[in-house]
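There are two complexes below, and they share subunit A, which is joined by subunit B in the first and by subunit C in the second.
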Partner chain A sequence: MKKIKKYMHWILLSPYLTLFIIFILLPIIVAIYLSFTYFNAIQPPRWVGLQNYIDLFTRDEIFMQKVLPNTIKFSLIVGPGGYILSFVLAWLVAQLTKIPRTIFALILYSPSLTAGVTMAVVWRVLFNGDQQGYLNALLLRLGFIDKPIQWLQSPEYLLTIMIIVSLWSSMGVGFLAMLAGILNVDETLYEAAYIDGIKNRLQEVIYITIPAMKPQMLFGAVMSIVQTFTTAGIGVALSGTNPTPQYAGQLIVNHIEDYGFLRYEMGYAAAVSVVLLIIIYLFSRIAWKLFGES
Partner chain B sequence: MAGYVTKTNPKRFHKSQLKFYFILTPIAVFMLLPIIFIFSQAFKPIDELFLYPPRFFVRRPTLNNFYELFAATKGSSIPVSRYLINSILTALFTVIFTIIISVFAGYALSKKRFKAKNLIFTINNLALMFVPIAVIIPRYLIVQKLGLIDTFIINILSLLAMPIGIFLIKQFVDQIPDALIEAALIDGANDFQIIFNLIMPLLKPAISTVGILAFQVAWNSADASTYFINNENLRTFAFYVSNLTAVTGNTIAGQGIAAAASLIMFVPNLVLFIFMQSRVMNTMAHSGLK
Partner chain C sequence: MRKKAIFILLILSILAFSSNSTFLTYTIGQNNKWKITQDAYLVSEVILEDAGLYYPEDMYLKDGKLYIADSGNARILVYDLKTRKISEIGAWSLFTPTGVFVDNNYIYVADVGLSEIVIFDKNGNEIKTIGKPKSILFGQYTKFKPRKIVVDKRGNLYIVSEGSLDGIIQLDRNGEFLGYFGANKVRITALDKFIDLFYSKEQKERLLTRAPKPYYNLAIDNKGLIYTITQKEHGDAIKKHNTLGNNILYLSRLESMVDEGNFVDITVDNDGRIYALTETGLIYEYDQEGNLIFSFGGRAILYDKNGLFSVASAIEVDDEGRVYVLDREKGLVQIFNPTIYATKIHKALNLYIQGKYIESKSIWEDVLKYDGYSSIIHNGLGKAYFQEGNYKEAALHFKVAYSKREYSEAYWEIRNQFLQKNMKVIIILLFVIFVLFEVGGRILKKKGIRLKIKIRNKLLSDILYLKNLIRHPIDSFYYLRKSTHGSILSATIIYALFVLVVTFDYMGRSFIFNLNTSERSVGYVVFSAIVPIFLWIFSNYLVSSINEGRGTLKNIYIFTAYSTAPYIIFQPFIILLTYVLTYNESFLISFGSFFIISWTFIVLFIGVKETHDYELKGTIGSIIYSIVWILVIILVFSIVYMLWDQIVETVYGIIQEVLYRVR
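And now, the complex of A and B:
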């Protein structure tokens, strides 16, 4: 009985650790291993060293010319953009009294509940390519355009629409955390700061609010990163094809799927996965640098 | 208090707050439009769907699209209700098991003393940024090796490891004084009794939050159905909706059905959040990452 008590924490942790290892840790390790192999899912993996990475950065024109620039553009705008938007809106909402604040927070938060893929069917109607599409009909009537635009099929618009849709739904858990953080800043800090000579609300935000809620800022940043890369598959859902028209909305997530499940070049797809994991990690390093305490 | 009139978290209304309403109202309207559009579209009768120029708001609402949604698959062997039941079961079990697993682990990480504790918590914090879709291929291979392809249970299992769940619960358990637990231990309670009788009731806000997050993931995710399941009988409603245009075609009538399906996806999320929002906000106050 004593012995069981001594190892109780492992008993309590074991369900989580088991699932964590199977579905999070092991996939990352396997991805790293496979990225150094040729693997077509039929024959056993064959070690090829760095060949996949060399091919990825020297031969894969689509990756270097479309997928990587698209991913960087998308994640730089949707990640930091969505994050700043979340913070600004959270701050604005925090300036209101309780009931209107709750209503506004609910409205701003609700798009994040629609979660990319299932909402795509609705976006396709709004951005429909013929004159029946709502955006086309509106722009035609206002005289901005004289013939309907194939929004989701045209390379010039697809990525922009993906970014707008993702920004629209970016006020998620991070937004709520930052709102809670802003509301919980100790009021006496503000009073002291005004005595010390802070002059306006912007200074108040920069010198008091943000430093006082660093942990929530960091949490919000991590959530933004996760959300950005989780919704990154939306181009395929919007345009209805993988690859997207002229690879205009092709992001790394789609490239992985393209090589892994359509071409069965799983070793190569794993190398792409590793590159994505590194990108995600770099983003979060920046967040920790900005807001982490140690 | 001299020098400023507006302030964060005000107790009562002051006309200086009006400027925030002027900024927030147009943004809120913009955010709401697509959601109003789903509602409007879902209840449109067929002639309003065909209308040109298209009209945003519904004039004569009907439930026709919902009937059509459930009739659309009558011809095929698998009715929509099958996908819905799969989704409800997936969401229910995912919520229950995520809560139990997270509370066990969060309690151990907060209140137990052992060597690897900080290491595990640090790794879990790193894993907060884990994006499952990034390693979908090794995940697929592992699921295949475990013989879990084409099983219903993979819908649930693949979602249960939720680093944010452990994180939020642990932060909340940290608030509970050690003395309370020590007193229970002296009274002869074991860890499971402490968890279920003492910790769980005190953790209501955090448990509601983790539950709601688990529900959102389970209800909205089509990943397991897309990648791990080939048998239509086992797939979820989220999968069905994301492939809806393949069933109905990209027709005008299909658009009404699609909107009805999206509404079914969206409303449970919204209703749950409205009921739980104060508990969620309470939990988020402790969500800081250090």
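And now, the complex of A and C:
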């Protein structure tokens, strides 16, 4: 009896643990194992050591010249940008009374819900390549351009458009968490702070709101990091081609899909995903450093 | 060894430059500047001096015969270069021939006076004339004043018509109007847009002439591509058109060609090299991408010399690379023969285009002996090395040639090779460091040991206080104001650090990312870093002291120094990064710099707010007033600077006067 009691918590944990191991831990371990092999999904994996990683950083010119710079640029702007944007908007929305607040929150949250539909209805119409596209029509009428620009097919514009669209739809779960966090801050704290000499809203935000909602800030930060690095479909959805024109909108996940599901070089694709995992882990560490409870 | 070689080169070049040519050949050398190079062309002959040419406008070379549109005499003069015989065409039917073109069967003459194209056969018999197109598309009131003409292999006519803004007129062999070809674009700037907002319709019609610039002359190469020149353009005066009329000359599209605004004629040789002639007699030779190879010739100012011109009007080039230039004023043709130097460069360029990189390399190396600093040579040599896979040498030559983009590509390959060799070690090393950090950190935490060095020295700890500005700017500024940290001395040292970082940012970046500041001196950079800061301190003090700011002059001096913290701490990393990155990753540099500089300004903003204990509105107001003050100070200073002489004179005069009265 005593023995059973000793292991009781494991028994209680077991449903979660089995699911966690089967669906999360095991795939990660398998992926890390596969990243050291050559595996084409037909023959059994063949051990090649670090070769996949060496190839990734030295031989894969598309990865080094297009994919990595694209991903860094995309996530450096969309990650912090979207994060700041969702905090600012959450804070603004939190200032409203209940009913308008709910309506606005819903409106701001909807882009991330309806991404696929709005992509077709809003953005592809706006950036249409012929002179009927809204942006082209506007610029033509103003006389800035003399012939329509193929916004979504030209390599020099695609990434910028992807960034704009992603920023617009970045008010996702992180936004909701932050909104909840801001609303949950104890009102008495503000009153106490005002007695202690806080004078304006900016100080209020910096001294009370942000420290009080650190957990939500952390959650939002991690969510936005993971989200930006794992974004894949947007370039393909906008340009309508895979790979995107001259790899202009190719992000890491596109690259993984390219190698994994088009070329069936599973081992190589696994290596790329491990690198992605490490990148995300490193950035999450930074987020922990900034907002984590020590 | 190398030094010796350079020395010999120098002597050689001195010997060569003392040639008896009457004009100099220029090329682009180091730092994209003009430099004198070996003679590329020498005048071998002057012909047609006694042919009575009177204001000849155009010239065409075909099958060893020069066809000259002798406008003043209303004829086409044909000069056989072999037999040296002169004959005449169209003396009875032409009025003012200004353009001539010859294909295998016919001679086409554009006559402005007649407003017609007149076509002759090779014997000089008039076949037919083509007048103004009757098509409605051409326009009933559009004028047809053909000045220059070329004809493609299908017999389509391309005509530059005087005052035509729509582009080149394209007619088929029967004179039917096919359309306009590749018109120049009108550039509307933001200023134009701004003016548009205020002008009425009538004013616009009267005052604004936003017409595209007309083409001045044109040429056709053996592939049937049309080349045009536009006057008063810079960077894209020369254009190469595809069949749609779009410009496909690489450098011209970037508007970064070395060209002149007064080109009058253009011609293309069989290898695709472009020769353009200015009215003043300068000849510019370009390679197929639009890079300048040579510039030679010039204007005869005081007395006539071979190779110089009074007013040049037409240029032609033959299969052997001889260049024929027509002088309109003097009515003669000068023939330039390419020297061995030029012939070798041409050969190397051709070999490179044919993909024979190794052969081209040996010639480039040979040519390098003639001129060690010409950028076209180093560029060619670099490209040859690049294709050969010798990236290190390629990078060296690209650096001399100042071709940043190519250098970046070569550098990318060098870096790639390095990574390929050492990747295994790097991956393992990174992993080991990572594990060490993680495990070490855990152990230290467990044992409760905290690594912290206590700094006793007040000055040092004041300077190191910079790092607190990164995480807690607001609190730090509070303590700075309360004088628990920071002093005049520490602030001064921080200013020195700031100036140091700025100087390195300007001067110390790698070749790829340097800011083209080779002409600027260190003094200039230091000056331009210090002056705005002191202007800011001064004007912010003035503004805040009347605006209820709490900060004293000392406070302002100190907080401004500490607000540069992000720049001082992080910009050095960006500068170091420029040494490992290429254009591929240039985004990181520009984004990083932008981020750090905006961060610095945000810290400065917070500093103003905390030091003077302002509200948000007061802060913005204070900053705006300070900036206005800075501008006022600069304005006053520049006025004083300009009137300095006057002031000195006045003061001197007053003193003189006083002295005089006293006596």
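Note that the second predicted complex is superposed on the first by the 264 of 294 C-alpha atoms of A that agree within 3 Å, B and C clash if a C-alpha of one lies under 4 Å from a C-alpha of the other, contacts with A are read in each partner's own complex, and residues count from 1 in each chain.
As a convention for this text, a contact is a pair of C-beta atoms (placed from the backbone, for glycine too) under 8 Å apart; a residue touches a chain by one contact, two chains touch by 3 or more.
Note that the coordinates shown come from a computational prediction; the quantities given were computed from them, not determined experimentally.
Because the two structures share subunit A, they can be overlaid on it, and in that overlay subunit B and subunit C fit beside each other without clashing. In the superposition on chain A, contact of A:Leu277 is made with subunit B only, not with subunit C. In the superposition on chain A, A:Thr58 contacts subunit C only, with no contact to subunit B. Judged by the touch definition given at the top, the superposed model places A:Pro69 against subunit C, while subunit B stays out of reach. With subunit A as the corner point and C-alpha centres for all three chains, the angle toward subunit B and subunit C works out to 140 degrees, nearest 10. In the superposition on chain A, contact is made by A:Ile206 with subunit C only, not with subunit B.
Counting the residues of subunit A that each partner touches, subunit B and subunit C differ, and the larger count belongs to B. Of the two partner chains placed by superposition, A:Thr188 touches none, neither subunit B nor subunit C. The minimum CA-CA separation between subunit B and subunit C in the overlaid arrangement is 12 Å, rounded to the whole angstrom. Across the superposed pair, subunit B and subunit C touch subunit A at no common residue. Considering their complex, residues 8-10, 12-13, 15-17, 19-20, 22-24, 26-31, 34, 41, 89, 91-97, 100, 102, 104-111, 113-115, 117-126, 131-134, 137, 140-141, 168, 171, 173, 176-177, 179-185, 187, 190-191, 194, 201, 209, 213-216, 218-219, 222-223, 225-226, 229-230, 232-233, 237, 240, 253, 256-257, 260-261, 266, 269-270, 273, 276-277, 280-281, 283-284, 291-294 of subunit A touch subunit B. Subunit C makes touch with subunit A in their complex at residues 185, 188, 193, 412, 416, 419-420, 423-424, 427, 474, 584-585, 587-588, 591, 615-616. Looking at the complex, you find that subunit A touches subunit C at residues 50, 53-54, 57-59, 64-65, 69, 72-73, 76-77, 142-144, 146, 199-200, 202, 206. If you check the complex, the residues on subunit B that touch subunit A are 1, 3-4, 6-13, 17, 20-21, 23-24, 27-28, 31-32, 34-35, 37-38, 41, 52-54, 56, 100-102, 104-105, 107-109, 112, 114, 117, 120, 124, 127-142, 146, 157-158, 160-161, 163-164, 166, 191, 213, 216, 220, 222, 227, 238, 241-242, 244-245, 250, 252, 255, 258-259, 261-262, 265-266, 269-270, 273-274, 277, 280-282, 284-285, 287-290.
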